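Chain IDs A, B and C follow the sequence of writing; residue 1 opens each chain.
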């Protein structure tokens, strides 16, 4: 994934155990939490901001926000569920600052690692256009499900919406993809 | 030559120098000697120095007099027009803490009266105000100054 | 990390594998993280954490001292002093309540803590369950008001 692997062996402790260790004063648990979620945070931030520099800023701000909560932090959900809205909000702020947008724009960023055969390139471009045409709320749920691999309940909690709303948005997003001739080939066996 | 002028001289110097040592985060106001109870309005101003003021908290102490708290009113800017938070049972011989915030976008950027503390005072009083919190919408502290003045109740 | 959790009850909740992979590939952009940034983030976290711990330990000791003094004063007042028409002066809040109300973890409870919660509510952003100060299961204006009340609570003089 990223250039730099963690300098220490991966920590096997669960998130709950790491949080407990931090609350008890074990600062080595900061490293474990950070390297466990660093790549996820920076990828998500890049998806929102479209800028590697902004993504790194958001990475720093996200973990500063998280670590300021210790001691005394209580983890009541998965760490990704907790971090998702933090990254999202910080990314929106970073993007506004950079582009002076007034609205809540979650437009997809173009794929920076473009090196593929022409046909694949064209397909990917069309897919990107189709995805960009989805309503922001539908696209967000779609990506949380299939890129971030979050369960429906996690998505609902991260976005503070009912699970039924998550299912509805996901249903509409998938239906829109299925009915779009530009990406119909993916649905054909 | 009597000793009285020699004793009074350092006292006079202290009184004159007191104003030169003002910290912008503290403010002092004094009133002429009065012996009968009177109602007064202590106006508290905060100057956020051009930054939007989203939240404030100050402490006000009335020294040297019998002071009874009557009430606290909101300020002149729409953002702080509503009555602020304060402890109705505060005793001004110690201090009263007043605070308010506004999560909206219409915020004062210049000096504004943020609150008026209504009191009943007997005797000469010295008002001391210190600014504990002055924050911008991003919840970060800003460099603001506080000042107080006493006026008659309208 | 969360594993994939397909819903077997709804075929309209899933994508064909090819499309799923294409979307995932499109969004997995390499963003190298400089090792210096890793070190800065971790060093800042540890430094400020240790500072907060020291502050909390000091507050804890002061709170214990104040609580002890208050208990002694109340005990003297109740068992030794003559009854009075003035109400008792319970000036000390439980330290834990102040810890919870210190939303921004700067070692004190002030209007900034109330403001942060209120602003998050106003912006419809996710709320930290730890901000449920009054313990009613919901983070709302009542919690904001309670934090603000704690912030402005001045020490009351004991009865004369």
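Basically, a contact is a pair of C-beta atoms (placed from the backbone, for glycine too) under 8 Å apart; a residue touches a chain by one contact, two chains touch by 3 or more.
A quick note: this is a predicted structure, and the numbers were derived from the prediction, not measured.
**Q** State which chain is most central when centres are taken as means of Cα atoms.
**A** That would be C.
**Q** B-C or A-C: which has the larger count of contacting C-beta pairs?
**A** By number of C-beta pairs in contact, A-C is the larger.
**Q** Considering only mean CA positions as chain centres, point out the chain farthest from subunit A.
**A** Of all the other chains, the one whose centre lies farthest from subunit A is B.
**Q** Whole-Å distance, subunit A centre to subunit B centre, using C-alpha means?
**A** 48
**Q** Compute the distance, rounded to whole Å, between the mean C-alpha positions of subunit B and subunit C.
**A** Result: the chain centres lie 30 Å from each other.
**Q** Measuring from the mean C-alpha position of subunit A to the mean C-alpha position of subunit C, what distance in angstrom results?
**A** It comes to 25 Å between the two C-alpha centres.
**Q** Multi-chain contacts in subunit C: which residues touch at least two other chains?
**A** In subunit C, residues 104 touch at least two other chains, as defined above.
**Q** Of all residues in subunit B, which touch subunit C in the complex?
**A** Result: residues 54-57, 59, 85-87, 89-91, 93-101, 103, 132-133, 135, 137, 139 of subunit B touch subunit C.
**Q** Would you mind writing out the residues of subunit A in touch with subunit C in their complex?
**A** 1-4, 7, 22, 25, 27, 30-31, 34-35, 38-40, 42-43, 46-47, 52, 55-56, 59-60, 63-64, 67-74, 76, 78, 80, 85-86, 89, 108-109, 111-113, 123-124, 127-128, 131, 142-143, 146-152, 154, 158-160, 167, 170-171, 174-175, 177, 183, 186-187
**Q** Which positions of subunit C touch subunit A when the two form their complex?
**A** Residues 1-5, 7, 10, 12-16, 18-20, 22-24, 26-35, 37-38, 40-42, 44-46, 48-50, 52-53, 56, 99-100, 104-105, 124-130.
**Q** State the interface residues of subunit C toward subunit B in the complex, per the touch definition above.
**A** Within the complex, subunit C touches subunit B at residues 104, 110-112, 114-116, 118-119, 122-123, 145, 148-149, 151-157.
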